[in-house]
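The letters A, B, C, D and E name the chains in turn, as written, and every chain counts its residues from 1.
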Amino acid sequence: MDILSIAGIVIAIGAILGGQALEGGHASSLMQLTAFIIVFGGTVGAVMVAFPKADFIRGLKLSKLAFKDSPVDMAALITQIVDMAAVARRDGVLALESKLATVNDPFLKKAVSFLVDGVDGTVARNSMEGAIEAEFEEQVMGAKVFESAGGFCPTVGIIGAVLGLIHVMENLSNPDAIGPGIAVAFVATVYGVALANLLFLPLATKIKRKLTTEKERKTLIVEGVMAIQEGLNPRVLEEKLRGLAGEHGGHSSGGDGKGPALKAA
Amino acid sequence: MDILSIAGIVIAIGAILGGQALEGGHASSLMQLTAFIIVFGGTVGAVMVAFPKADFIRGLKLSKLAFKDSPVDMAALITQIVDMAAVARRDGVLALESKLATVNDPFLKKAVSFLVDGVDGTVARNSMEGAIEAEFEEQVMGAKVFESAGGFCPTVGIIGAVLGLIHVMENLSNPDAIGPGIAVAFVATVYGVALANLLFLPLATKIKRKLTTEKERKTLIVEGVMAIQEGLNPRVLEEKLRGLAGEHGGHSSGGDGKGPALKAA
Amino acid sequence: MDILSIAGIVIAIGAILGGQALEGGHASSLMQLTAFIIVFGGTVGAVMVAFPKADFIRGLKLSKLAFKDSPVDMAALITQIVDMAAVARRDGVLALESKLATVNDPFLKKAVSFLVDGVDGTVARNSMEGAIEAEFEEQVMGAKVFESAGGFCPTVGIIGAVLGLIHVMENLSNPDAIGPGIAVAFVATVYGVALANLLFLPLATKIKRKLTTEKERKTLIVEGVMAIQEGLNPRVLEEKLRGLAGEHGGHSSGGDGKGPALKAA
Amino acid sequence: MDILSIAGIVIAIGAILGGQALEGGHASSLMQLTAFIIVFGGTVGAVMVAFPKADFIRGLKLSKLAFKDSPVDMAALITQIVDMAAVARRDGVLALESKLATVNDPFLKKAVSFLVDGVDGTVARNSMEGAIEAEFEEQVMGAKVFESAGGFCPTVGIIGAVLGLIHVMENLSNPDAIGPGIAVAFVATVYGVALANLLFLPLATKIKRKLTTEKERKTLIVEGVMAIQEGLNPRVLEEKLRGLAGEHGGHSSGGDGKGPALKAA
Amino acid sequence: MDILSIAGIVIAIGAILGGQALEGGHASSLMQLTAFIIVFGGTVGAVMVAFPKADFIRGLKLSKLAFKDSPVDMAALITQIVDMAAVARRDGVLALESKLATVNDPFLKKAVSFLVDGVDGTVARNSMEGAIEAEFEEQVMGAKVFESAGGFCPTVGIIGAVLGLIHVMENLSNPDAIGPGIAVAFVATVYGVALANLLFLPLATKIKRKLTTEKERKTLIVEGVMAIQEGLNPRVLEEKLRGLAGEHGGHSSGGDGKGPALKAA
């Protein structure tokens, strides 16, 4: 569970309803079925026009990603790759074949297969980088569905508000109806702005960030496995992968002790 | 038929008119010929100033693309290319000449012609990539026509609204006319915002997405045919093209069984 | 004459004035000298601060480009280049010297001169590409003058509107003046939004598009002439240039008949 | 202490409260707990949904960076690198090992270690550049947390304002409550706009700028240390590093005296 | 003196005050000290938070650049470089040492020094290009100070306006105060929008443009001096530099006469 996503939604809605209550308003005056139909229906319709079916469905599926905790143990991954580099240095690349069974990560497994099968380095790198990029481009369209919904939503809210105001203006002769009528119209504005800024746009940001992290993880695997093929010194490789993983490349406290070990390959 | 495009427009308009009806408003109060003339005429005029005739016409033609279903069978395409790679490996590139008649896709046909005619690899790749890029740049101008219409539309709606308000202000002495007058003015706002957000911008997004998919398909053909010329192992080629097609590069469930088959070329 | 530019302006203004008339308003109520002075003067002033004199003048000159029809006969240009390629293949590059007199296009003339004078290929390509890029960057500043005017214009319109509203507010004691006063204030808004969206921004878009087309034409000349120097097969060259010209790279109906002619150089 | 950050916040708040006081308003009318709860709670909630926990915490930590003075003595750094270049030229790269103890900067220390350990130049450069880029990408997410807060904040302010207006509209029958009610509603707008434009967005800009400066400093170290490995003349190296440090590359007044010293390496 | 910058400000302010006068308003009603304190103080405060001291001061200094005329005589510069190319071709690169004293431009002087001192071409080019880029990146931060001020200014104006409106709303019981009170509030809006659109943003655009021109001038020097080192034919060099200077690459009327002179180097 990505606790921040849930807590964020609870806090945001709580702050708004709580503020509303403190001012003496009723939460019920924020519940307007017609406003909801206009804003939600209009937004969903616009998004359906904007995206092909495959992207639309992918967006719905990816929404789970925003609420799932996906801890990536980069340190363990680096250790695993560096271990394989040591094996490959000692016993040759083919010795990794026996290690394949213990690899759980499907992308790492495929990368090591390329190595064991002796596929040419440039071909393997191009193939894996192309696949990473293609998968990211495809997945990110799912995040764009929410981004797009967040873009359409406030303007559809404005449509709802103006529709309400038109209704009020046509009934100006009945002064008692003006105030509540405008209140109803304003709720559509709130729905549009709130759905966009408290739900759709933050969701799009979080999904994109998680997809980027996954892309970086796969890129690190490609760099690591390619370096094994080039026979890079495991210690230098570890240093490099740690830098790529962003673990404070320039501030590693253990820098002193490691230096001497970095003897040339 | 791209059902999502049609369903999206129906849902969006249905939600708005339905919400309007639920609130007790009449759909007829949203039908204002003058507002429509101002918003639609002004937008079309602005778009005509903004684009050369060729782009303007291309935009009109491309609008069909948003409603046409264009399923791309990437798997079949990959199979076809991999089959040709196997033929070329066994019998030489010239053996593909007999296969040319069975190729329906005009771009694939041209790419294979380059191969059969023995055109130099770099020349062929540059030529095809240049053509893909040029065609995409040209086609995408059609999507930009709608994007641009979606940008002008809400501001022209504001012009219409302000014109209406000016009219109302000049007749303040007649209080009965104020309410309905303002209502008319607001309709122009609704037209501007709705045309942009429920029609023009979503259409532009969908057209651009479909053009991008087509560009990716052609790029995949170029990569595939060039790899045939370079004599890449058909199994490695299949792996590479699947990655490019974005078919879950790192999560292919059949990864286990395929590994051993990836013996070096 | 670029008929679309003229027709677009006529249609946009016609739609607005026509809509205004249909609603029973007078065109005269849209003619406000003070609003025009504020909006136009303020915008011109801001643009003068924003751009150096050379760019400002270039912008004024380029505005003609938006109204001039500039048909580019790409097919004829390609034929001309391919003919020269055939001559150069048969009789050597120097044989093109006699053809120079018949070349009207100054950029093509210069490119062929480089060829005839035996300037090194890389030097010639860098020199020409640098010149194309530099000229485009310079010219596009003229389009940016209009883009910038379109950006300042609506906000200056808001200044005009607020000035008008201040005036109205100071004379609230005279109720008869309120309505017409606000009407005057609104006209500044209309001027700002309309000048930007119906004139400045569309003009900027069209100028930029035409400059891009001219840049693509020159790039095609460079590619063509450089290919002549490299001795590329004229048929392959024709294919390549057609692709670059965007003539439906992958859909040329005559693809069947051309295939066999593409024999290797 | 980054005095500008503190002074800026004091000046901005002082100007607003001072202006408010000059107009005869009370600062107390800007203190509205409910408005604060809605705007701050809503914004924090949206940011929590938008970012993973690691980024959110990083953002909170980085906020200190905006208030800390971080003077970078580029001149001293360049002198240090040039001194090492002279030592390496005279006594060989290994002679730098004794200098390592005197290096305080951890990133410079690691870079020199690569040198002393004889790690291959391309591997060392890729490794360090990859680490710089990865660390920057990671840190900059912290700045994006504030940027994102600055983006959500004004719209949440609008939600607060509209909620207030709904409340007012529902109590129109009580005219005495209208004015103060609207005033309360407006305070939410002020909170949203002020928090974004006087706090969140400027903080994001300053944090990003400081991270960029640190990235440039590290890039300069990489360039310097790599040039030592390539045996570049220390005088030429000094010239180059000064240029990279942006110390008026083309306007150094001492250019005359330095010229003759730039004899070829 | 950059006359356009001064004239632009005069025209913009003149148009606004003139329009105000024509409508019968008094310029004095636009002079509100409190509004000015809020808008200017708030904007300066926000900019101080957003930028480090060095950038803030650089911005203040660069503002002079917008009002200074900085004519760049590209033709003379090209002649000077081409003359040096002729000398270097005839008498060798070292013969340029005697010419150094006559070079006034400090950047050209440094570039020629590199040449005379025999610094390796790639090192010299990297060093100079790095310095140009670094100086530009640094200077452009000064323009960004104004861009940023132009971004904060209108929103601070809105804060001022809403503060004014809050004040008005709290005194609704005194109807006489409403009109003038709102007028005062609107002045803050005018200040925010006008300062941004008539001063800050245009200044930022002009400063950036002038910095870009200076960058292009230095890039041309690098290209020219490097071509001297590579021994490029002076006539071809002149052609190339003219193209880079954007002097109508493809439309030079003297193209006919020059052609034959372009004999191969």
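Following the convention adopted for this analysis, a residue touches a chain if its C-beta (ideal position, glycine included) is under 8 Å from a C-beta of that chain, and two chains touch if they have at least 3 such contacts.
Here the structure is a predicted model, which is why all the values come from computation and not from measurement.
Separation of subunit A from subunit E in touch steps, taking the shortest path, is 2.
Rounded to a multiple of 5, the Cα-based rotation taking subunit B onto subunit D is 145 degrees.
Rounded to a whole number, the gap between the C-alpha centres of subunit B and subunit E is 39 angstrom.
Separation between the centroids of subunit D and subunit E, computed from CA atoms only, is 24 Å.
Shared interface positions of subunit A, defined as residues touching 2 or more other chains, are absent. Taken as a graph of touching chains, this assembly is arranged as a ring, one closed cycle with exactly two partners per chain.
Ring order of the chains (start at subunit A, first neighbour subunit B): A, B, C, E, D. Residues 33-35, 37-38, 40-42, 44-53, 55-56, 100, 106-107, 109-110, 113-114, 116-120, 123, 126-128, 130-132, 134-135, 137-138, 141, 148, 152, 155-156, 158-160, 162-167, 169-173, 184, 218 of subunit A are the ones that touch subunit B when the two sit in their complex.
Of all the residues in subunit C, the ones that touch subunit B in their complex are 2-5, 7-16, 18-20, 22-25, 29-30, 66, 154, 178-180, 182-183, 186-187, 189-190, 193-194, 196-199, 201-203, 205-206, 209-210, 213, 216, 223, 232-233, 236, 239-240, 242-246, 248-252, 255, 258-260, 262-265.
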